[in-house]
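Letters A, B, C and D mark the chains in the order given here, with residues in each chain numbered from 1 onward.
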C-alpha cells in the first residue's frame, strides 16, 4: 500500500471497560497506531447508528465500536442492544456499498490493554489493505 | 421569419454548439425525463410527455454555494461563486419558458441576484413547441400556449421531416446556423386544451383567507415538498453556512412552504402551524401575493404538481373550488 | 464598492460585546470598509442580517442611532445556532453585515403626538433607537410613556439608560416584571395588565409595540378596548427572514414581505392577515 | 359494487350515530381513473367513498393528525399492520379508531391518469387477504393465490461486489431531491423534529447533494428497521423513482433472519431493538 495513505479510524469506546483498556495500553507503553481517534461514550449502547454513518460520510475509513463483554455491562444491558443494532447496521452498510470490514464491534474489558493495542493495529492494517473509501 | 431545419441540420447545429458551450437538454434516465448537461447530441430525448422537474434548476439549482469564506488568523475574504460558461437550454416547452420569465421578476428586481442574472444572460433558451399535450396541461388558462414563442430565444416546431425554426430574439438570431431555407409550409395548429376558468380566483382569494375550505383541503395533504420542487415557478430557498471540508461556504438550497421549519422563528413562534395554513400559503403566494407584487399569476399550467401530488391536490380543482365557494358565499 | 451580489455581506469587526441580561448581549460592530461605513445610513426600525460565518445569518434590529461614534449596535438574544455563534465572538473577530433592510418608524408623522412605547423582553431592543430619537428632539413630541416589561428584573434591557429616559421632561418610564425577586421593589404584572392599569388616552396618540407574540396579542386587545384605532397602533413583526431582499418569500405574511414592506406595520395593514396576532 | 356500498352504508351509519367525528376513506381522483384519500365528516359525503385496485394509499398515518378524535378509517390488510405498529408504539388508542376493514384484491401499479393491469410487487407476494384487526369487514375475505416472498432481488444484489452496489446506490441517491415525501407518507415516521431538520448538531443540513442524500436515506431507512410494515408507499410517492423498497426489504429480510420478527403482526410483541436475548451471538463472538 502506498506509504502516504493513512486510514482514518474513529473509535467509540465505552467509558467503563474499553476506554479503561485503551488507557491501560497507553500507561503500560503498549504502542498502537495513532490513526484512531477515540471518542469516549458512557456505554456502547449510547452509540447511535447515525454517529457511525456520519463518520463514514465525513471521511472516516473505518469505525470501531467497543464496549464491555456481554454480561459485564456497567448498565447491565447496554451492550446487548449494541449487539443487535450493529449486527443489522453492518449488514445494511455493506449492502449500500460500505464494506463490512470497515465497521468493527469488539468487546474489550478494562484489563485487556494488550488486546486493544493489537486490535487497533490489526484494524488499521486491514483498512490500509482495503484502501481509502471511494469518497464521492 | 420562419426557417426550416431537417433533423440532421438540427443535430449538426447542436453538435457545433456543443463544442463551445454547455448544452442542457431533456435526457431519459430510467423511466423519467430530466434536464441535464449532455456530452453527445444522441443523448437528447426529443419526444417526452413532460420532464420530472422543470428546467428552473439550471438558474436556481437545488443547491449552490453563494460564496466561500477564505483567509485565516482574522484576515477574512469572501469569494463569490463565478459563472464561467455560456450555455444552451434546449427542448423546454413554452410553459417552462414562461416559468423562467416569471422567476426573473423577483430575482432580477433590484437589488438583483447576481448569480441568477449571470446565468440568465449567458444562457440561450431554445424552446420546443408542444406537438401533443397531457391531460393535466392547462397552459392556455394561465396566459401561455403550446406554441407561445414569447419567452424563448429560438422556438422549434416539429413538422414531418424536420423543424420550423423561429428566431425570436437577437440572441437567438446570432445562434442560428447559416444557410437554413425559409419555411413556406403550413404551421401546424397547436393542440386544444381544456380551459380552467381562473378570472375570479384573485378576488375570491381576497375573501377566503379564513374560510374552512383550506383546512378541509389540507386534511389529505402530506406536507412533502414535491409540488414546490417540480414546479417551474416555486422559487423559495433557504440559506445556511457549511463549515466542513476545511472551509466555510454559504449554501443556498430549495425550500418549500410546506416544510416544518419554513416560517418557524428561532424563539419557537410560527405564524403558520396548522396543515390548512401551510397549504393555503402555497396557493396565496401563487394567486394573490405574486400577482399583487408582479401583476401576473405565478402558475404556468404545466400540470406537474397535478401529476406528482401523492394525494391528488389538483391546482385546477382548487381554482374552480375557490370560485364556487365564492359564489356560494356571495349568493347566500 | 458594495458587494457585487446582494447576498455577500459587508465585513465588519466586533468592537465590544456587553452583557445586558443573562441571555442578551449588546454587540457594537464597525464596518471594515470606510466608504461603506460612511454610506451605511439607516433609520430607527430598520434591521440588518448578521452573519456568523460557519453558522449562518439572522435578522437583528439596529438599536444604535446613525452618526453616533460607537458604530452599529445589535442586541442579540441567545436562542439558536446563529445567535450562539454571534455571542461567542471576541472583540476583534470578523462577522458579516447585510443591510440596512426594511422600512422604519415614520417618526416625522408622529410629531405633535403623545407616544406610548410598549416593549417586552428583547422586544425593547428595536424600540430603543425610537426612544433615543424622540429624546434627541423631545420638543417635537407631546407626552412620552414607556412601558418596559420582562420576565425577571435582570431581563430588563438597557437598564443603564433608564435614568436618562426618566429624567427627560414629559417622559414617564413604567417598568414591570412577570416574576420579581428579593431586591425588586417595582411592579410585578404582565405588560397588557399594566397598559389596562395606566389606561393611556388614545386622543392624538400613537402606540408602538414590540415583544413576544403572546404579549402583542393581549396588548393589542387592551389598546383597542381603550379606543385606539388600528392605524394608531404600530408594531415591528418578528418573522423568519433569510434574504432580506424580497426574494426567498420566507417572511411572507399576508401579501406583505416583512423584509421589504415591514418590519414596521400599522395594525390596520396586517390585521386581516395576522394569523396569530 | 357490493363492497363499496357496504363501506358507504357503514360510514354513513357511524357519522349519523355520532360514533365517529369523521371517516377517512378513498374517493375517485380528479383524473377519473385513480383514487385519493377522502375525509368525510358529513353523512352526505360518504356517497363519494369508493374502493378498488387503485386505492394504494395507506390512510393509517392520518390518524396521527386527529389524535384525541374518534375517527373511522378504511384499512387494507397491509395497512392493518400500520395500525398494530402505532398501537405497539402507543401513538394511537384502539378505542379512538373504528376500523373499516376491506378484503383486498391487491393493488395495481398506477400513475397519474393511468391504471395498469399488473399487481404491485408487494401485493404479488402478500399473504394477508384480510386485515389483522378490524371492527367491521366490508366485502369479506378474498381468496387469491400469492407467490412466496423470496427477496430474490435483494439476494441477487447481495451477490454483487461492494463496489458495484456502492456505484448503484450513489447514482440513486444522487437523484434524490430531498422532498421528504418518503418520510411524510410513512406511518412509522412521526418524530416531532426529524434528525434531518436538526440544526444542532447539523446532521444532514440543507445541501441537496449525493453525500447528504446518502446519509438521509440510510438513517431514515434504518429508523424503520423492525418497524417498516411493507406498505411500500415511500417508493410509490417518490417523484424521482428511487427503488426505496430495495432498502426497506433488505432490513425486513435481515430482521426476519436475525430476530425472527416481522413488524405490525402483533401489537403487543416487543420490536427487535426494544429487547434482546442474552445468549445470542449475532456474529460478534460472544
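The definition used in the following text is that a contact is a pair of C-beta atoms (placed from the backbone, for glycine too) under 8 Å apart; a residue touches a chain by one contact, two chains touch by 3 or more.
What you are looking at is a predicted structure, and each value in this text was computed from that prediction instead of being measured.
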Original post:
B-C versus C-D: which has more C-beta pairs touching?
Top reply: B-C
**OP:** Report, in whole Å, the distance between the mean C-alpha point of subunit A and the mean C-alpha point of subunit B.
**Re:** 48
Subject >> Between subunit A and subunit C, centroid-to-centroid distance (C-alpha), Å >> reply: 51
**OP:** With chain centres taken as the means of their Cα atoms, state the distance from subunit B to subunit C in Å.
**Re:** 38
**OP:** For subunit C, jot down the residues that touch at least 2 other chains.
**Re:** 80
Original post:
Which parts of subunit D, given as residue numbers and ranges, touch two or more other chains?
Top reply: 199, 202
**OP:** At least two other chains touched by the same residue of subunit B: list those residues.
**Re:** 238, 240, 255
Original post:
Which pairs of chains touch one another in this structure?
Top reply: A-D, B-C, B-D, C-D
Original post:
For the complex, which residues does subunit B have touching subunit D?
Top reply: 29-32, 34, 52-53, 62-63, 134-136, 216, 219-220, 222-226, 229-230, 238, 240, 242, 251, 253-256, 259-261, 275, 306-308, 310-312, 314, 316-317
Original post:
Residues of subunit D touching subunit A in their complex?
Top reply: 157-158, 162-163, 165-170, 195, 203, 210-212, 214-215, 218-219, 221-222, 225, 250-251, 254-255, 258-259, 272-273, 276-278, 280, 282-286
Subject >> subunit D partner contacts - residues on subunit C that touch it in the complex >> reply: 80-81
Original post:
What residues on subunit D touch subunit C, complex-wise?
Top reply: 199-200, 202
**OP:** Provide the residue numbers of subunit C that touch subunit B in the complex, in ascending order.
**Re:** 3-9, 11, 51-58, 79-80, 82-83, 92-94, 96, 212-213, 238-240, 242-243, 245-250, 252-255, 272-276
